[in-house]
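These are the structures in question, set out in turn.
Common to both upcoming complexes is chain A, partnered first by chain B, then by chain C.
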Partner chain A sequence: MKIIKIDKKDWAGGLKKSENSYRLMGPVKGGNRLTSEFRVLEKGQVPDLSLSDALLSPKSIVFPQSESMFKYTTDENSDDVNILKRPEKEYPLTAVVGIRPYDAAAFLILKKNFDTKEYRDPYWMDAYESCVFVGLAVNEPSSTDFSASVNSGPFAEAGLDVLLADDGDVFLAKTLTDKGAAWLKAAGWENEADLAHASKRIEEMKAAAEKKIASTISFENIPNKSIMELYNADFWNDAAFSCINCGTCAYLCPTCWCFDIQDENHGKSGSRNKLWDSCMFPLFTLHGSGHNPRDTKTMRVRQRFMHKLKYYPDKYEDGPMCVGCGRCVRFCPVNIDIRKICEQMNSYKAC
Partner chain B sequence: MQNPYEPYPIRIDKIIDAVEDKSLKTFKFVFLNPEDEEKFSYTAGQFAELSIAGVGEIPIGIASSPTEKGFVMFTVFKTGKVTSHLHSMKEGDIMGIRGPLGNSYPWDLLYGKNVLIIGGGFAFTTLRSSIVYMLDPKNRSKFNDIHVVYGARSPGMLLYKEELAAWEARDDIHMNITVDATDDPDWKYNTGFVPTITEQKAPSASDDTYAIICGPPIMIKFTQPVLENMGYPHDHIIMSLENRMKCGVGLCGRCGIGKELVCKDGPVFTLADLNKTPREY
Partner chain C sequence: MTGYIDKIKEIAKRILADGDVDMVIGFRKGTLPMSNEPCFITTPDQVESLVWDGACGINLANYLVGHGDKKIGVIAKGCDCRNIVNHIVENKIKRDQLFIIGVPCKGMIDKRKVNDIGEGEVTDAFETDQMVTIKGASFQETREKADLLQENCVLCVHRNPVIYDELAGDEVEEQTGVDRWEDIEKLDALKPAEKSAFFDDLFSTCIRCYACRNACPLCYCPQCFVDESAPQWVGKTENPADVKTFHILRAYHCAGRCTDCGACQRACPVGINMRFLTRKLEKDCFDLFGWEAGLTMEKRPALDAFAPEDPDDFIK
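And then the complex of A and B:
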């Protein structure tokens, strides 16, 4: 492990230099100026690190909201009629600059779904493996940031290749992997800081940031309760009462992975697309027969929280399917709060 | 690793009207590339995603048996967008298949045991696969008694009628075919609902007897207490579930019931398994 000192005067220049061998992605204002998101940067464009807490999580880098899986023709005169072919797509080496530690941690949760011993999603994997994640540590956690209680935290390193700590006039860049070191080298940043001194400084900043985290959740009792006990708990109707099933929580969530597959046709050619979907929507589970096993919003709200806080941890023997970014808490139009529901689950006792 | 979303190309080799009201058709498919048939090596109880470019995919239980070579067979009920389109396709058309998917009936567990098969309506497809598999000369000695209760609304709605008649004639399988009602004077089998016929004809419970149930929800609802009263423990009652699916390989999150994914952890579960999970199917 090395710590490289990057003078902020050299920031834009180094990024530009790295563009010789990397495509850069980073936080920018969204198209309508109201949102912020991670996008491919124009040559010479500097990511706006004040937007690292981007409204739209960077999961779309690896898992786009819509993506063509196959192209086909339905033209009977073609030799390839009705044969599906994966479209040619480049996966250039990409440095994702300014991603928050919690959002990088989210990719590790998604990976458990998309990279299994039986099946691997090649679209997700190809995109993921082409990325170098250059994280930006959180000095000023938001009031809804509870990342420190769900296996992440303001200076957490899991899932990152480089961790940048913003220390006034300089970034202290902790190299976490060879991939990260290679990107720093490509940017021409090779000024090694004194390791002991810089490590101590990062530890101080980390401790200061963690101290500012005002928001926590506890889930230590949830693993000891059975699925059916929590499923039949008495608070779900109240929890779901105000929900309008808009799906904002799932679309903003960096760990929500559910998707749909649909064919879209233009004349005799078309594309089979993978599209984000959400358990909040009634159509998600509607059978062809008309039967819907989750036909009430209470059932759908329960599904979302049970999946995150009970089913996923039980299935993967992992912590919650949540990285504490706080987006769903901030942007839920009816103020449903995962921290409160987690607390209800954690403290629930069946009578 | 192979792209799990990419279908093997297949040709519709034969289409057969399966029941008198034409709501079900049986499709025999052949693989365009013979090596794909090798890769599509399946076990009775598994399913596949049938894929039609420009329309979509649909998860359907495999009705042919692993012992039948050179084709794969599915019997499909016309109900939604993809199945309706499939019903309008013709022999020779090219489409796709992904699979085999899901677990299967627990054959390792069933070897050496008595097997009671209970089926209703068009949910008899993977059961047909299982019966053909068990009756294969290479396999029959691996099982003890085989009992079948299979019912449909009327004689004309029974699937695979010629095979049913052939199995009736054998002495190594106990067939109990039934219809809800019929005015056919030549009907020589049972009349009555599946739960009733099960109560009358099914073998008594034992450690070595397993029941496999596949049918409409109403049939399952009334058959389960019959088996319980007969003393079948919940881990000896095996069921195959259906849920809305897309990917079929455990990635899209759609078909979850609790922590189990019907497509990958199922579709076959014991009643004991299902007691531990929400019945969201």
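And then the complex of A and C:
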């Protein structure tokens, strides 16, 4: 492990230099200027690091909202008639600059779904493996950032290749992997800081940031409760009442991984698409027969929180399927708050 | 406006205790500044959890359907009441199922406007009748509430409940001299290509979460056309034509019914003002038929009925 000192005066120049061998992605303002998101940067464009807590999570870098899995043709005159073919797509080496530690941690959760012993999702994995994640530590956690309680934290390193700590006029860049070191080298930043001194400084900043975390959740009792006890708990109708069953929580969530598959046909050719889906939508579980096993909103809301806080931890022997970014808390149109529901689940005692 | 809550609690307590209703739908305190959460209570002792302030913008008419024959008390401001009228006219609910606690309204606070005031996050907010004070880590600011209202509230000319069983306070003075259509007239005056570019830009960030549709009391179709698969009317990707098809068709389904309660825009996580569409149709209904939705139970909505005096200039 090395810590490289990057003078902010050299920041834009180094990024530009790294563009010789990397594509850059970073946080920018969205199309209508009210949103922020991670996008491919234009040549010479500097990521706006004030937008690292982007409204839209960087999940879409690896898991786009819609993606063509196959193209097909039913034209008898074509050599490829009735054959599903993966579309040509390039996966250039990409440095994702300014991603938050919690969003990088989310990719490790997603990976458990897209890269298993039995299956390897090639679309997800090819995109994931082409990325170098250059994280920006959180100095000022938002009031809804509870990442320190779940899988992550303001200076967490999991899932990152480089961790940048913003220290006034300089970034202290902690190299965490060879991939990360290679990118720093490509940017021409080689000014190694005194390791003991810089490590101490990062530890101080980390402690200061953790002290500012205002939001926490507790889930330590949930693993000891049976699924049915929580499933049949008496608070779900009350908790779900306000839900309008939109997809905001799932679509802004960096760890929600569910997708739908739909064909789009134009004449004799078409595309089979992988599309974000949400367990809040009634259509999510609607059977071809017309039967819907999850046909009330209470059942759907319960599913969301049981999946994140009970089914996933039980199945993967991991913490919650959540990195505490707080997006669902801030943007739920009716103020359903996962922190409150987690507390209800954690303290629930069946009568 | 903050003073309504005592009367609201008194009425809610009484109608629950007397068995006039099985439940009361209102708001409870939310977990973030300027946020309240719709909730229901079923016993008189639960009334203490009810709140009323400028963060009650969500339209509670959206929560009335799906409770069978239950008698429901609902706390309703002007726009909520107009949507309740819609529901009654459209046979979604029966008038005698409802006990409407009407709240004369002075407008609801736009969280986005509040969040834009200070540098950094708003961590606390206090409200009086006229003023809103917000606090962040490094700032404290006090502003006139009138400057922080949702756009639809700024333009509102029906603040008082149109139907109710009991009012939570004296009626308020309706706003006069409001130019409701200034921005729509500007849009109307654009050339077709400019209009097209305007709407391309407006919907460019839509993530198709359907929060607008689901927050809307009018959007109660058992299955929305975008969710139908046989035939599939609309593609499911972020293709701009499909995104616009969703928004435009949804707006048309609301023509002559929309009360401009602002629920759609308020719910949108990416801040799209889709009210440009619904308000254009609202204006057309007003100009062509003299129609404003949800003001009377005696008439069918404009596009739901024919009258000999309806304009027919478009028939060539």
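Here is the rule we use: the second predicted complex is superposed on the first by the 351 of 351 C-alpha atoms of A that agree within 3 Å, B and C clash if a C-alpha of one lies under 4 Å from a C-alpha of the other, contacts with A are read in each partner's own complex, and residues count from 1 in each chain.
Keep this in mind: a residue touches a chain if its C-beta (ideal position, glycine included) is under 8 Å from a C-beta of that chain, and two chains touch if they have at least 3 such contacts.
On a predicted model such as this, the values are computed, not experimentally measured, just so you know.
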Scan A:S289 for contacts with chain B and chain C and give back first, second, both or neither.
-> first
Answer with first, second, both or neither: which of chain B and chain C does A:F70 touch in the superposed model?
-> first
Looking at the overlay, does A:V40 come into contact with chain B only (first), chain C only (second), both, or neither?
-> neither
Now for A:E118: first (chain B), second (chain C), both, or neither, which partner does it touch?
-> first
Scan A:Q262 for contacts with chain B and chain C and give back first, second, both or neither.
-> both
Check whether A:A12 is in contact with chain B, with chain C, with both or with neither, and answer first, second, both or neither.
-> neither
Find the residues of chain A that appear in the contact set with chain B and again in the contact set with chain C.
-> 260, 262
Chain A to chain C touching residues, read off their complex = 30-32, 34-35, 55-56, 65-66, 140, 142-144, 238, 241-242, 244-248, 250-252, 260, 262, 264, 273, 275, 278, 281-283, 329-331, 333-337, 339-340
As the complex stands, chain B meets chain A at residues 1, 3-7, 9, 51-58, 79-80, 83, 93-96, 217, 242-244, 246-247, 249-254, 256-259, 264, 276-281
Parts of chain A lying in touch with chain B, wherever the complex brings them together | 69-70, 72-74, 81-84, 86, 113-114, 116, 118-122, 226-228, 231, 257-263, 265, 270, 272, 274, 277, 279, 284-289, 291, 293-294, 299, 303, 306-307, 310-312, 314-315
Which residues of chain C touch chain A in the complex?
-> 30-32, 35-40, 58, 62-63, 112, 120-121, 123, 137, 201-202, 204-205, 207-211, 213-215, 227, 232, 235-238, 266-272
